[in-house]
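Can you read through this structure? Questions will come right after.
Chains: A, B, C and D, in written order; residue numbering restarts at 1 for each.
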Amino acid sequence: MTRQIRDVKVLNNREISKGVFILDLSTGLVDAAIEPGQFVQVKIEGSRETFLRRPFSVHDYDASTGILSLLVQVAGPGSLKLSGAGKGDSLNIVFPLGNSFTLPLNGERVLLVGGGCGVAPLLYLGKRIRKAGIEPQFLLGFRESRSVLETGEYELVGKVSITTEDGSMGEKGFVTQHSVLSVDSFDRIYCCGPEPMMKAVAAYALRTDTWCEVSLEHLMACGFGVCLCCVVDTTAGNLCTCTDGPVFNIKNLKW
Amino acid sequence: MVDLSVNLNGLVLKNPVITASGTFGYGSEFDDFIDVSRLGGIILKGITAEPREGNPYPRMAETASGMLNSVGLQNKGIGHFISEIYPVVSEYDTQVILNVNGNNIDDYVKVAGLVSGLGKINAIELNISCPNVKMGGMAFGTVRQSAREVIRAVRNVWNRHLMVKLSPNVTNITEFAVIAEEEGADSVSLINTLLGMAVDSESRRPRLATVTGGLSGPAVKPVALRMVWQVSRAVKIPVVGLGGIMNAADAVEFLIAGASAIQVGTASFIDPDISVRIIDGIGDYCRRHSLSRVTQITGSLEL
Amino acid sequence: MVDLSVNLNGLVLKNPVITASGTFGYGSEFDDFIDVSRLGGIILKGITAEPREGNPYPRMAETASGMLNSVGLQNKGIGHFISEIYPVVSEYDTQVILNVNGNNIDDYVKVAGLVSGLGKINAIELNISCPNVKMGGMAFGTVRQSAREVIRAVRNVWNRHLMVKLSPNVTNITEFAVIAEEEGADSVSLINTLLGMAVDSESRRPRLATVTGGLSGPAVKPVALRMVWQVSRAVKIPVVGLGGIMNAADAVEFLIAGASAIQVGTASFIDPDISVRIIDGIGDYCRRHSLSRVTQITGSLEL
Amino acid sequence: MTRQIRDVKVLNNREISKGVFILDLSTGLVDAAIEPGQFVQVKIEGSRETFLRRPFSVHDYDASTGILSLLVQVAGPGSLKLSGAGKGDSLNIVFPLGNSFTLPLNGERVLLVGGGCGVAPLLYLGKRIRKAGIEPQFLLGFRESRSVLETGEYELVGKVSITTEDGSMGEKGFVTQHSVLSVDSFDRIYCCGPEPMMKAVAAYALRTDTWCEVSLEHLMACGFGVCLCCVVDTTAGNLCTCTDGPVFNIKNLKW
């Protein structure tokens, strides 16, 4: 889809966990080719500390209504300001940006691994995979039960397994320690979360010789390939995470 | 009808708005957002003789009303440009200007020499002021003698429009503008980024892998305006002003201070269509102030 | 208990927070807001040998994350200071530092000589960097030879702590720090304001009566941090860092980059109590990072 | 009164004319010594363009409730942001700042001349004068009837005469052309408004040898006498409009 600058209206904003919000935005764009893994750059008006836009993954997109959802974790002034957006507020976004996840082929077994707010792009990816006839397995890792995000929507899409570091919910430990990995095997792993967690998942995938794509959250200035600030060192040299990514096959990363 | 065209010492622009090097890619990144051909000119991302991987990540830090970058001139080299990019940018109906860089004089000369064969390129911008590439620990553009030598060497091999981009990281920028003029430059552009630094207080680490980087954005506008004003009074060649221009009012301020044209840099990251909106805004300004030509604004500061 | 005290080459401060010259009046203007004696030190507004009316109004222009000023050292002269202000500021239980200025070397020497008789003043800050007062069209602090001469002359008549305030409007600030060190300065403070300018696009007039003025505030912080880092690696005498410090995190960044103490300037205009809140915030930072002495932060940048 | 930094709550904000708002602030300070002519410095949070505080005159202060009112005309980003403040919002102000008008003596005839939003400090001044037993004459000048501010409150305090430049309300012309000046004479004139208007009133006062104080609105950085940015050239040299003013007797100004 052609990238565009657009004023969109906030339809709804709800806190799904402490400091984590889901914003539903009315894009007015029905049936648009917005792919899982892509992101939007949000302008944060009226905040003295935010000069640049802030990137957020497409958490969900309903092609029939044109509603695009973002999952926003409060991390600093920009996300804080965004978390306070109310119904009817206008947001200026540039979207859709970036490449997207490679969808699986018929009959493949798919694992979606998310850590904390790294789950953001996985719901929409899961929905698209399910639509193509595959029931994905979600494996979601959190610090503690308090920080676990609502999983209802994910359960409609596939199986959901959870780990918490303190064992207060699901299995105790990191996602890479979850029993699902020893019980089942997968053709494709998709992963998004904090970098140490993605590196652990990548190591698991390499060890088990499993195909794996990760979504990188590098610092971005522009988001559409002109500033060259967001680079990641790959086997093909420095690539932009905003245009060549944010999704990369781990075999191309120098991890 | 307002006449927005400007003539920079022979280089004719349909309007005074040029996009700044390193902030506009090779133009095509903006095709989704604007009609690039509406611009007065586009300056492509800095090019070097050989491919460069640039500096390690992180290369960016946001600061109050600005940003630091330490990209370090990542590019695929002049050879790749000529074969892959030149054919594409030649299609734009605007002045396509190449930003030429080097580690030493030979590099600069080599690039300029190769560009001479490219008919569509009427002008190069000689970047002697990149804070992220060093020569003996000091950028070319902050030492008078080396600035003079590189300008002279390039002038020898390049006979179309030569714009020299000046560094603000000097005690007296007018000295460098005068040197450019003496060595036959057709125009000067200023400012490049101010050398700055950012620290993360919690991790106690620098926020850029290279520790220091170049500051751009509205934070630097007062310094840029001052330098444009000083330089425009010190030389006769046209001055192209930039540094923190975010809207048409900012652009007009630079024209008033003495610039004949302006460049839009960092602002394009935030509003990819801002450059064409600035063209429209300058037109509105002229109408509101009953000016028939944009050139009437240049240097109109009332003291 | 965190030990916040710092020893600047013999000048002991109870904490590293000093208020910057020209932004704290003579201290008493803040009595309603804070207990001035809690501060590590206060630097009084710039003083000259003779009374000065300063520059015409307007003297101020707000800019993106900063402001320009062209006050031009308005003050009633050292004589008035000694008779009227010295008795008042002597009551504060903090280091009271005088910011000394002049149009020529004799002026500086005269002021420093007179201050020698004031027992409560343990330190002067030699301001060779005010962009709003000129000497032959160029500030003292941007020409190596004149910087050296004025420091040497003052050093001859002043034997308590000599802090030299450096100008950021130079190609290489470390050269000036080295000169200060060579001439026997006890510390250097940086940065003074960056020379800037603002224009009103509608009236086409400069926003300052003097056209150019000094830029301060968060906009300059990246430049200030970079210079503090460079200077702290180039000299052995302590560095006092300032430029855009608005909160404790900013202050800590300067300490990490190499400053032994910091100054709070423009921030006091917006939050008159910010200087003491920064002291508290630095204490919190030390506790959070399990540091028993604030001096452990200085120069702790991890490369 | 001791100057202080204080968080105050917005009790009410109403638009009294196009782009002109009255904000009632709950200071929690009852019976405070806040004098007519003094001003407050308002911090404008969450506006990228406002680094410094913005000065506004004390438009009214009710000593029994502690409510302080500001009259805010939208002139740029700071006043725009302030005009959008809602009930319950918190504002950080530094106050009370500056000197104050010299109150008249018993039996003196008093004229209060305001131009546009320059009326701001005159309501509270008029109330204090009335309380002291004198009925002041207001003379308020506006561009056109559309920009005339509500005069109800002023009428409770004294006589109100109005001029508009286009004659669409009250007498046509500038305040200095109003008939009240030829019919009546005054012992004291207090004036606040655009500088050309204050200069015209000052010229009238000098001509008729009338005592006259004006309130200056110079650009301010600090507002409490430390930056020396707000100076005015007086017979005693450069004085600060924020501490030596904003009220000056015209005989001390070099007008």
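Please note the rule applied: a residue touches a chain if its C-beta (ideal position, glycine included) is under 8 Å from a C-beta of that chain, and two chains touch if they have at least 3 such contacts.
No experiment lies behind these values; they were computed from the predicted model shown.
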| In whole angstrom, how far does the Cα centroid of subunit B sit from the Cα centroid of subunit D? | 47
| task | Go ahead and note the Å separation of the Cα centroids belonging to subunit A and subunit B. | result | 36
| remark: Here the gap between subunit B and subunit C, centre to centre from mean Cα coordinates and rounded to Å, is 34
| task | Scan subunit B for residues touching two or more other chains and write them down. | result | 63-66, 217-218
| message | Quick check: what residues of subunit A touch more than one other chain, meaning two or more? | response | 48
| said: By the document's touch definition, which label belongs to this structure's chain graph: line, ring, star, complete, or other? | reply: ring
| task | Kindly provide every pair of chains that touch. | result | A-B, A-D, B-C, C-D
| query | Which part of subunit B faces subunit C closely enough to touch in the complex? | reply | 63-66, 68, 138, 142, 169-172, 194-199, 201, 203-206, 211-212, 215, 217-223, 225-226, 229, 244, 249, 252-253, 256-257, 285, 300-303
| Along subunit C, where are the residues that touch subunit D in the complex? | 22-25, 29-30, 32-33, 45, 53-54, 56-67, 69, 71, 74, 217-218, 266, 268-273
| said: Give the list of subunit A residues in touch with subunit D in this complex. | reply: 45-48, 81
| task | Would you pull the subunit A residues touching subunit B in the complex into a rising list? | result | 2-5, 43, 48-53, 94, 218-233, 237-238
